[in-house]
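Encoded as structure tokens, the structure appears first; notes follow it.
Order as written gives the chain letters A, B, C and D; numbering starts at 1 within each chain.
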Amino acid sequence: MTNAINLLVGLAMGLNLIALGSGRLPAIIRAMAVQGVVLGLMPPLMETHFDWMVTLVAVVTVAVKGFVIPGLLQRALRAANIEREVEPSIGFVPSLLLGAGGTIAAMALARVLPLLPEHAGSLLVPGSLASVLTGFVLLIGRSKAISQVCGYLILENGIYLFGLLLIRATPLLVEAGILLDLTVGVFVIGIIVDRIQRAFDSLDTRKLTVLRE
Amino acid sequence: MLAGGCLATGVVVGPRLARTWIGLTVTAAVAALGAAAVVLAGGTDWEWRSGFAVAGEPLHARLDAMSAIFLALVAVVGGASAVYSRGYWSDEGYPDSAPRGRRWLSAMVLAMVWVLLASNGLHFLIGWELFTVSAYFLVTLDRGERDARAAGWLYLAASHLGTLCLFAFFGLLAARTGSWELGPMRENTALAPLFWLALAGFAVKGGVFPAHVWLPSAHANAPSHVSALMSGVAIKMGIYGLVRFSGWLPVPAAAPWVVIGLGAVSAVLGIAFALVQNDLKRLLAYCSVENVGIILVGLGAAMLAATHGDGPWGRLALAGALLHVWNHGLAKSLLFFGAGSVLHATGTREITRLGGLWRAMPRTAGLFALGAVAICGLPPLNGFVGEWLVYLGLFDGATAGGRPAWGVAPAAIALATAGALALATFVKASAVVFLGAPRTKLAMDAHESGPWLWGPMLALAGLCATIGLAPFFFWPLVARAAGAWRPSAMAVEPLAPVATLGLANVVLALFFVGAAAWLWRRVHAEGPRPAPTWDCGYAAPTPRMQYTGGSFGGIAATWFSWALQIERTVHRPRGPFPVSASRVERVPESVLEWVVAPVAGLVMRASAAVRRLQHGRLQFYIVYLVAGLAGLGLLVLLEGNP
Amino acid sequence: MIPLLLILIPLAGAALAAVWPSERGRPWLLPAVGAVHCALCLWLLVNPPVVAPNAWWGFDPIARAVLPVVSLLFLACAAYAVSYLRVRTERRNRVFVASLLALLGLLSAGHQARHLGLLWITTEAVTLAAVPLLHFNGTSRAYEATWKYLLVGGTGIALSLLGSFCLGYASLHGGGTGDLTFTALMAQGAGLSRPWVLIAWVLLLAGYGTKMGLAPMHTWKPDAYGEAPGIVGALLAGGVTTVAFTAVLRVRAVVDAAGAGAVTGRTLVAIGLFSMLVAALFLLGTRDFKRMLAYSSVEHMGILVIGAALGRLGVWAALFHVWGNSLAKGALFLSAGNIRRAAGGRTVDDVSGMSAITPQSAAIFVTGMFAVTALPPFAPFFSELRVVRVALGSGHAPAAGMFLACLLFAFFGLTRVVFAIVDGRPKPAARGGDKRLRESAGVVIPPLLLLGLALWLGLATPEVLRDSWTAAVDQLFPTP
Amino acid sequence: MIAVVDFVLRLALWLVLAPLLPGLITKVKAWVAGRRGPPVLQLYYDLARLWRKSVVLSTLASPGFVAGPAVAWVAVLGAALLMPLGPAGGALSFKGDVLLLIYLLAVARFCTAWAALETGSAFEGMGAAREVSYAVLAEAALITAVLSLSVQTGSVTLATMLVPAAGAGAVLLAAGLFTVLLAENCRVPFDDPTTHLELTMIHEAMVLDHSGPPFAVILHGASLKLLLFALLLCQAVLPLGGLTPPVAAAVLAAGVLVVTVGVGLVESLLARLAFRRVPLLLTTAFLFCLFALLLAWRGGAV
């Protein structure tokens, strides 16, 4: 069971690196989407017995994170007809290195942190930390709104991963609410990206610097 | 209570019913004056507690001799400037701002009365702030005028600095004593350091020399009745605070020396700045700095005496200072009213553009001259009585010897210098403005001002003369107030033969008038032959040949050039037939321009640097977020593991 | 039951607004719901209900101490909104009204949430509900502001979620059940594992600090306040920030119970002073009078946090300040909105002499400015004085000194801008002639009422409020 | 009754004797220069003649132009009456009368300057400006001198405080007061009462436009002031305490004579100072008095 989880987490971490390394926006979106699906699959796996609530949550997550948001972003992408992330403020190689370094650091940190015995072996903590870091790198280092949204999503995925530590402790209602919020939030962001694309007809956030001081 | 009521209603009805308002204000003034007189004469404090709580603190008003002194001044000058404003800032002249002016005037006077009565730190602060703000709105009554706005803002900013010092002061006081109640707490020596905060806060309001930066422009640009109120009364509130809390709190050992030093410096430099001003009202404003200095010298002497064996001479100096509070308040308001009439009649405050006004406005000229004599502290008027008492205190201190002598003797010399400079200043001010020939068309077309204007001036002048000629009526009052400062066995009254002085003053006054009349009669016995001024042979002296105020003060100005930093731009005449030549002098606000401005510049540069961080780049905003996170983490890491 | 009504009625109202047919009728839902909500709140304020210790929701003392002011503020804004929306007929108001009502419901929920998870959910929901309000004007600037608000705020809120998880894990690791209700966490107290608690504290403070707008996480604030309508600004400054602040208070209580009180105190003072300093420096140079309000809000958040750092008395003063600040800020934002509309400009360079064009609003603006800069006898004066007094009394003299210095600079900046706008000669750009924009009773009375409340609060703080604050303090510091 | 007689006598004494001093000074100067010079009583003749003359009033002058000299004269006379005459004491003596005396002189200065500025003449303005400016230093020196006297006698009353210090103090004080006397009475080296180059004058420049009785009053006032300072100087440095009244009076008269002659000698031996050097000299006088004060402290109460 734990191995399966670890496998998935490892996959998610790999996807982080892809998102960091690739300059093509569709690739980033795809990586983010796949990661969403992967994360969506986890809760049912962790549950020993079938629980329709969990399944529902998982389905919703997979649907929204894996398909709705990516679709929305794809649409904005087509409308703005841009393909590549041009001149990122943190280059791809550096961000890749950052991500890799961050992953290793996360591993090391997870050893230091006082964890419960049953979590000691799991990749959840390092995975979540690595994803959070990746999210930040994307948010800071990319100039296209879309890649920043992806970064934000990956950040939240990381937090989601950490949340899985508590899945038994916290009541499902809360989990569900949190998930709902996240998804709605991302959804709203997607809408705003769409609006910005119309207002500025570009997704280059370096153009969004009218408001200052 | 009646006074409060009238003023409160004045705030409400003031804007609409001008006449009723004046009636109310004057009634209030009379009532307040009565209350003060009762307390001063009767010697029993008036105390009033009420269950009604404002801001969680029960109302508690106390009127003792000390606050009664100031209350009387507030009443007199407040009432006078209310009447004066009727003619000076009339509804016809200023339809939109006159009503506002009435409201704020009432509010300001009310707030000052509140400050004087409050015996609760919280209420004191409330009154203090209200008084400051209403004064701001009075200064900027003429909203269209850029100078007035700038001056008002400077005033507000400076006052706020002072207020925040008082925030800290009262906050600490309340924190240390555990309650907002004010009152004598001399035995609690832990409170001594607080005096520095009080000094800072009240000195700004009082316009003590280094902290006077706001004063000249505010007093010069305000409407004249407001200038009178601010210069005559408002700055006395700062004095009140100092006197009050130097009496109620224990003071640190160094405080008396600092106070007397500040006083001496203010006295000399203040009047030095006044001497070189070309703006009549600015000159008067700087003169206020000088007089505040004189008062502080008296207070400092009293504090010195109190900390060195409590010799009676300190009380003498303090009593003199308190009397000087009155004298300066009356005379300075009179002078500002006079300056207001001049401004009203000619439309300019520049001394160099005036001259020869006595012909057009004899009443104003006479009253202004009287005010000048009073403010110079010349016998037989009130100014002399006050300064004489201060001198007596200082001399007794010097003769008593001991360490205080090293403080009071230099102070006495400083006072003498300041007195002589004041004389020069006011000879210049009154003579250049009112005597000789009109220098410009403005001065030529001047006209005498109406009874609303000279009425209050006459009243104030009468008071100046009364205090000067019958000081023995007022002496017991101030003596009692000085006694209320810090209770002490010593009685001050016998220390100074005020009655004799009063007698001398009366005789002198009689002889002055007599001799003048006699000589006048002698001169006019056979008709004097009128002729143009014999200007050493110039056939037709032109007004431009008259000695200007600038050159009049020139000699003494050179002695203080280190402080005045006068900037001259000289354009010398060239060639045999020079076409043009000019010599422009500008007196900078030294402290403001050489000290405050650079500091402000630094702060503004820092602000600009910080504001550049808000550049609109989202990526960096998230960097800031991460940085904040990291910073907090670091902090916790350092604090967290013991 | 009633506490839930506080949440449900506005949400129902939002639903109703979403389906309400008429553009002109819809705005009237706002004052209606607001009035009901306000009435309920005040009723609960006067006779507080008993809250089960382990309940997830509840009108507990903290909610009682803060929620009523939010409700009052909303009522005023709602009353204002009716006239405002009548002026802004060119925009459809369906989404606007619905989101406003939803915002109210979620705010009530946020204040009443006694469960860390729920608290987070509601806060995030509030963030999202505010989005349509922010870009109501539909300009590109508005979208830019919304975008920044979303990403910065979202990142921050995400961090606070991580923090919540960490706190839960601290409970697990300390042998607890991982129950995230505050009562349970505080009960576990020292049982919580210290490192996780500290990590959680950092993350939560950063997260909810972002919502509060503490420097350096405040960057979204000026943009949002500058571009949103006055109502939204008022509600953000007076309502949303309050939720975040109560969140910080509740979390702090837990961390203190875990025995890290000293750490929390230090961090709070540090970030509070930093916020005040940054805000003061920004205020010194700001020229846009709506962004100015945002920085002033940052400054006041700093004051709140410093108060919260100073123990029982400090928290009491901070709660007092919440009331004073919300009311005064509300008045400021609303009157600023009027001036902004009539002036047709946003900076001191192209606005002046507004006292001639919008006399009442200008007067309210000036008075409100004096109120937030602690002019007695308005409430903020007393709360700030209390903060100073407590700070000086508890040996934080340097902090108090810096506090006062920041107040001074802020005062300089505010007065400079405000008087530049109010006094002087009106600029030709000002659209004073436009009848639609002339100030009507509907847009003048609400801010006036708010000011009046602030004044009344300062002059005579009602006993019931004092009690409620004391009760809240007792809840936060169970062992005095 | 006695008081009235005493008062009248004093008044007569001052009024009559005062104009003698300028005459003496001019006599001394003439003698030094080897000329016969005008008679000692010249000033009396001048005063009588002026009193009979009629007046030329500047068209610009206000009533103050006439009132000024009168008030100034009364002020100086009042100051003179406060000044004790050796054993006879002052007409009116009370604590702090010395301050009244100093301020009465200030009143006189105020009025003279005022009257000078009445006519709007540049030269009189110049003179007035110099008068009031140099008075600043002179007054500081004077108050310091008085301070030193009162410190060493522990009194602020003229009658009791005019007791000279022993030795250096007295010398310093004498030097200081003598300089102040020269300055206050507009004698060489501060001012030259005889020259007629207006630019170089202080006092004379101020009275250019006065004529007839007012001018007479001014001249008489000036002589009163000179006598006043001479007496102050003498009593500050001459130990009259132990002497019997007649002797004391004689000594006092002799002292005044010596001072007058001294002034005359100075006038004939020294040249007028350039105006920008005047402050220097006055500051020196001030320092003399200051040192006297310090000495008084060292020997005195401390």
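What we mean here is this: a residue touches a chain if its C-beta (ideal position, glycine included) is under 8 Å from a C-beta of that chain, and two chains touch if they have at least 3 such contacts.
Remember, it's a predicted structure, so these values are computed and weren't measured experimentally.
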Any chain that touches chain C and chain A: B
Taking each chain's C-alpha mean as its centre, the one farthest from chain C: D
Centre-to-centre distance between chain C and chain B (centres being mean Cα positions), rounded to whole Å: 43
Whole-Å gap separating chain A and chain B, where each centre is the average of the chain's CA atoms: 69
Computed distance of Cα centres, chain D from chain B, in Å: 35
Inter-centroid spacing, chain D versus chain A (mean Cα positions, whole Å): 100
Per-residue multi-chain contacts in chain D, two or more chains: none
Sequence positions of chain B contacting 2 or more other chains: 611, 614, 618, 622
Interface hub residues of chain C, defined as touching at least two other chains: 147-148, 151, 155, 222, 282, 285-286
Every chain pair in contact, whichever chains are involved: A-B, A-C, B-C, B-D
Residues of chain B that touch chain A when the two form their complex: 611-612, 614-620, 622-623, 626
Residues on chain C engaged by chain B in the complex (per definition of touch): 147-148, 151-152, 155-156, 159, 194, 198, 201-203, 205-206, 209-210, 214-217, 219-220, 222, 260, 262-263, 266-267, 270-271, 278, 281-282, 284-286, 355, 370, 375-377, 381-382, 385, 388-390, 392-393, 400-401, 404, 407-409, 411-412, 415-416, 419, 423-425, 458-461
Of all residues in chain A, those that touch chain B in their complex: 89, 136, 139-143, 148, 205-206, 208-213
Residues of chain B defined as touching chain D within the complex: 355-356, 358-359, 365, 369, 373, 376-379, 384, 388, 391-392, 395-396, 398-402, 405, 409, 412-413, 416-417, 419-421, 423-424, 427, 430-432, 434-437, 496-497, 500-501, 504, 507-508, 511-512, 515-516, 518-520, 522-523, 526-536, 541, 543, 545-547, 551-556, 559
Chain A - residues contacting chain C, complex: 113-116, 132, 139, 145, 148, 152, 155-156, 159, 162-163, 165-166, 168-170, 174, 177-178, 180-182, 184-185, 188-189, 192-193, 195-196, 199-200, 205, 208, 210-211, 213
